[in-house]
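Below: a set of structures, written as structure tokens.
The following pair of complexes shares a single chain, chain A, combined with chain B in the former and chain C in the latter.
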Partner chain A sequence: MEKAYLGIDIGSISTKGVVINQENEIIADSYLWTSGHPINAVKNVLAEISRKLDTSRYKVVNAGTTGSARKLIGVALGARVVKNEITAHAVGTLAVVPGVRTILEIGGQDSKIILVNNGVVMDYAMNTLCAAGTGSFLSSQAKRLDLELDDFADLALASANPAKIAARCTVFAESDLVHKAQMGYSKADIVAGLCRAIVLNYLNNVGKGKQIKAPVVFQGGVSKNAAVVKEFENELQMPVYVDPNGHLMGALGVAVLCKAEQEESHFELDIADINFETKGIECGNCPNNCEVINVLRNGELLDSWGNKCEQYYNSGMFASSVPR
Partner chain B sequence: MKIGIPRALQYYFYDDLWVAFFDNLGFETVLSPPTNKDIVKKGIANSIDEACFSSKIFIGHVEHLLDKCDLVFIPRIENAAIREEYCTRIFGLYDLAKNTFPQANLLNAEVNYLFRKRESNAFVEIGSILGVGEEVSMEAYKNAFELSQRKKAKKIAKQEQLLGEDGLKVLVFSHAYNTYDAYIGKEIIGYFENNNIKVAYADLIDDKEAQQLAKESYGKRIYWKISAQLIGGLLKYKSQVDGVVLISTFPCGPDSLFNELVIRVTKDKPVLSLIIDELDASAGIQTRLESFTDILEVMGRGERWKLAAN
Partner chain C sequence: METGGKLACSPIIGDYHIITNMVIERCLGYKTMRCPPMTKRTLELGARHSPDMICTPFKLTLGNFIEAAEKGANVFIMPGAGCRLGFYDILQEQILLDMGYNIEMVTLFDYIPGQSRLYKQMREINPALGVEEFNEVFDTVVRITVDMDSLADFMRQNIAFEAQKGQFEKTYNAYIAQAQKVENAQEAKALGEKYTELLHAIPTDKPVRPIRIGIIGEIYVVVEPFSNGHIERWLANNHVEIHRPFDLSRMAVAVFTVAEQIGRSGGYVNYNIGSTANDAIAQAYGMMQNGIDGIIHIKPSACSPEITAMSILQNMSRDFGVPVMYLTFDTETSEAGFHTRLEAFLDMILMKGLV
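What follows is the complex of A and B.
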């Protein structure tokens, strides 16, 4: 049997899973909507992966999680690696493009830039208080203009004269958009202007003050939009590489990190019949009123978190809320 | 007579001095508890939207104290010396509190070196409001001042010792009232300590030394006293740490300028910038802390991941 490693990336919108072999090659993968239920999404991802994986040849010896539900799923699955998405994306990308210096990422609700030197993350930035210029903005504008996201890029690429759209702020961009439409700009010019606005917003926001060096890799849902890729290339004056597996980089990253672990543990892909439950409880023992999350597997407590102090455990609430 | 002291904003610059002064005069002081959700809620409810999060927290502390003491001590401190100005939010605190809680009994005196209102004068004034003679107040102030200086010198010496030790270290560049606040900085600092990363503080530096360093480096005096202090601390300790952590509350005028400056002058070290506002977004902070720690550890400890990826 050959050893294989599982990585799962549970994001706000989609859940991704990959299994890699010793050579960091993806031998099974799955990409599904999270639909607000991360545990179910992971069950479905694992079911698809176990269908695709040649279990007579490979054995999963370690699993890892990343993404916003990494802790919950990490506990539920008994993952050996629970890693934040920045490190996971960097490691995953390095496995595919070893010489990468800059990783641009625009996802559904966040955007980030990661700077790499000699295979080590040197610096990164994420959007702070504002989510302007992320994927959700593009998709809501596509809806406004009555366009499918898939047609968006083709239409934008057809424009020879992109409209100038304010790039600072989503609210201003939207009113600008309406204004340009009323002035008589064609849909193609407006859509092209939007793609350009996303790029300028990104570079002025998370990319501010960062030295972007080639090779540049562009990831996240928005990287599937060829018009945005072209605008990045125009603006940066360098080629921007988009990997067909770009959406899997976070999952690939944790899988690679699993491979680097010294210890191995038996990992069961078939979890369809296991009942995972989470119980949120407001502690209420002090004015902080922490929201404590308890994770149960078939009624048995796996872990709990969210409390700022020990009062929750000491108060008796803990024992009464969780069947032992 | 119980004197209440809000555990927020200027308290963190003058904690030892204030408590010792009232102790020396024999007055009981009531310190509001470390910031909790209830205090935050009260502060937000009683503040205008545009105020910075730290000053909203201050107002919450004032409300908490109203029924627990006879007087709430809120001096109006405009500067610490000529051309060492505090932020307008800080020197407006007395007036802000007075207008927010018109019925409250506040204990106030003004410090403004431009009008020769020194710190010592202010404490004599406080004494006379409390019915204490000038000489007794002056003596109490001098003793309290010396005690606070000694305590600060001790903290600085301890920090310098820590910076000489092995292991990963970060420098926290953040106003004292954010760094040491239970709701803002405490969990961030706790995260580093739990991960065996030693934490040094840019504000732990002798005032004069900080002013001198900041002035030498930037050619002229920095207008804001607290920013000058932090810049001095950054210049002094930067070479001894592995990374710099900026913690700001939203919105902060001085920080919007100086955090940018720090990022630009700290090219050789990773910098993490965290902005805290009243929307509780601890998941985002957690991700940023984890990835920053990864960077520090990878840079500090070798290239395990690099090998794994290739």
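What follows is the complex of A and C.
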């Protein structure tokens, strides 16, 4: 039996899972919508992975989670590695493109930039207050223009004269877009303008002041949009590489981190019949009204967190059973 | 002087209310109280009655005052100086009056809090205050300020490694409790010496080379843990030696002028960029020269001096190869986003393999 490692990335929009072998090669993967129910999404991802995985040859010895539901799923699965998405993406990308210097990432709700030198993360930034430079901006504008996201890129690439659309803020961009449409710009020009706007917003808000050096890797859901890739290349004056597995980099990253773990744990892929439940309660003992989250597995308390007072740090989140 | 019925309080800014309350009690003869502890309610009340675009410290301190007014406080003490902070007192007074509270506002330290200036200010309110009486109070609070800041500084650098959890905080809190009761500067000095010894005697298990992180930024969010999501506690729980060269004694007692601050910033800033931002640059420069692993710059939303500082820090970060992370705090209470960023920041430092 060969050893294999499972990484799961539970994002706000999609849930990704990969299993890698000792050589960091992806031997099974799955990519599904989270649909607001991370535990179900993970169950489905694991079901698909166990169908694809050659279980007569590989045995999953460790699992890790990343993404915004990493803690919840980490507790539910008994994951050995629970890692933030910034580190996970950096590690995953380095496994695929070892010489990478700059990682651009635009996801559904967040965007980040990671600067790498000699295989080590030197600096990073993440969007803070605003969603203007993210995928949700593009998808909401696509809806407004009555377009499928899949047609978006082709249409944009066909434009020879992109409309100028303000990039600073989603609300202003939207009124600018409406204005251009009412002036009679073609849909293609408007869509091309939007793709340009998202690139400018990203470079100004997330990449501000950071030196972007080649090779540049672009990932996250928006990297699937060829028009945005082209705008990045125009703006940066350098080639921008999009890996076909770019959406799996976070999951790959935690899987690689799992491989580095000394201890192994018995890991069961088949969790379809286990009932996971989370119960949020408001503490109510003081005006903070902390929302305490309890995670139950078949009715048995696995872990709880969210409590802000002293005990929070002693017995809650930080002393939790999830290794960090 | 008639002081009957006056109940004064200062906003919660770290533990500094013990200093301001002491000045008010002993120079003006007012009774003082501590504002109710900061909670989500403080934030909600403050935000509801504040202009939306005002900086976060305004909302939180107003929240403190409203909660204290509910408990009967009628004299509020506000520091004022520097940036928009200079207008907090006037606006907060008006808001509280409009809300129907019959209160008065005392602005302490309306600029650099020089001794004679503060005396004049206190004399205006209490003409019976003698200069010797005032000097005794002043010497006492200066002593306490310097001591509590140096105790806290030592605690910050070692709390992550204490052998038995809670020892540092317990000892430090005991000092704060007793410092409020000292009669004069001699007593304050003796108390400070006693607790310095006690704090240094706490057993720690510190690695030879821990991760060292510096915190700089706007003074209120740096000093008040509630406003920065208890960032120091998070770092300590993740085994970080914290350096925070920002406190009242270094700001007000040591009194570095803006020119001095600019002089200590290695040429990265050449003119006054406002409020504590000059200091932030100077402190960052000093820490980077001394080999800090990373710096976290924190500010309240829309703090213009610190926004100016950010682009200067960016240059410094590039030149020294020391990463700087920028965090902005406003009225949000979700901590997930900023914990993710902090985790990644520590991972990055660990992956560099210098530690």
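Convention: the second predicted complex is superposed on the first by the 309 of 324 C-alpha atoms of A that agree within 3 Å, B and C clash if a C-alpha of one lies under 4 Å from a C-alpha of the other, contacts with A are read in each partner's own complex, and residues count from 1 in each chain.
Heads up, the rule we're going with is that a contact is a pair of C-beta atoms (placed from the backbone, for glycine too) under 8 Å apart; a residue touches a chain by one contact, two chains touch by 3 or more.
Computed from a predicted structure; not experimentally measured.
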Query = Aligned on chain A, chain B and chain C: do they clash or fit?
reply = clash
Inquiry  = Is A:Met126 touching anything from chain B or chain C once the two structures are fitted on A? First, second, both or neither.
reply    = both
Task = Scan A:Ser68 for contacts with chain B and chain C and give back first, second, both or neither.
result = both
Inquiry  = Is A:Ser175 touching anything from chain B or chain C once the two structures are fitted on A? First, second, both or neither.
reply    = neither
Key: Which of chain B and chain C A:Ser140 touches, first, second, both or neither   = neither
Query = Touching A:Pro98 in the superposition: chain B (first), chain C (second), both, neither?
reply = first
Ask   = If you lay the two complexes on top of each other, which residues of chain A touch chain B in one and chain C in the other?
value = 68, 83-87, 120-124, 126, 128-129, 209, 286-289
Query = Tell me, which parts of chain A touch chain B in their complex?
reply = 24, 68, 83-87, 91, 94-95, 98, 118-124, 126, 128-129, 209, 256-257, 259-260, 286-289, 308
Query = For chain A, which residues count as touching chain C in their complex?
reply = 68, 83-87, 120-126, 128-129, 208-209, 211, 286-289, 313-314, 318, 324
Ask   = Okay, in this complex, where on chain B does chain A touch?
value = 36-39, 187, 250, 260, 263-264, 270-271, 273, 275, 277, 283-284, 286-288, 290-291, 294-295, 298-299, 303-310
Ask   = Across the complex, what residues on chain C touch chain A?
value = 39-42, 165-166, 233, 237, 301, 311, 314, 317-318, 321, 323, 326, 328, 336, 340-341, 343-344, 347-348, 351-353
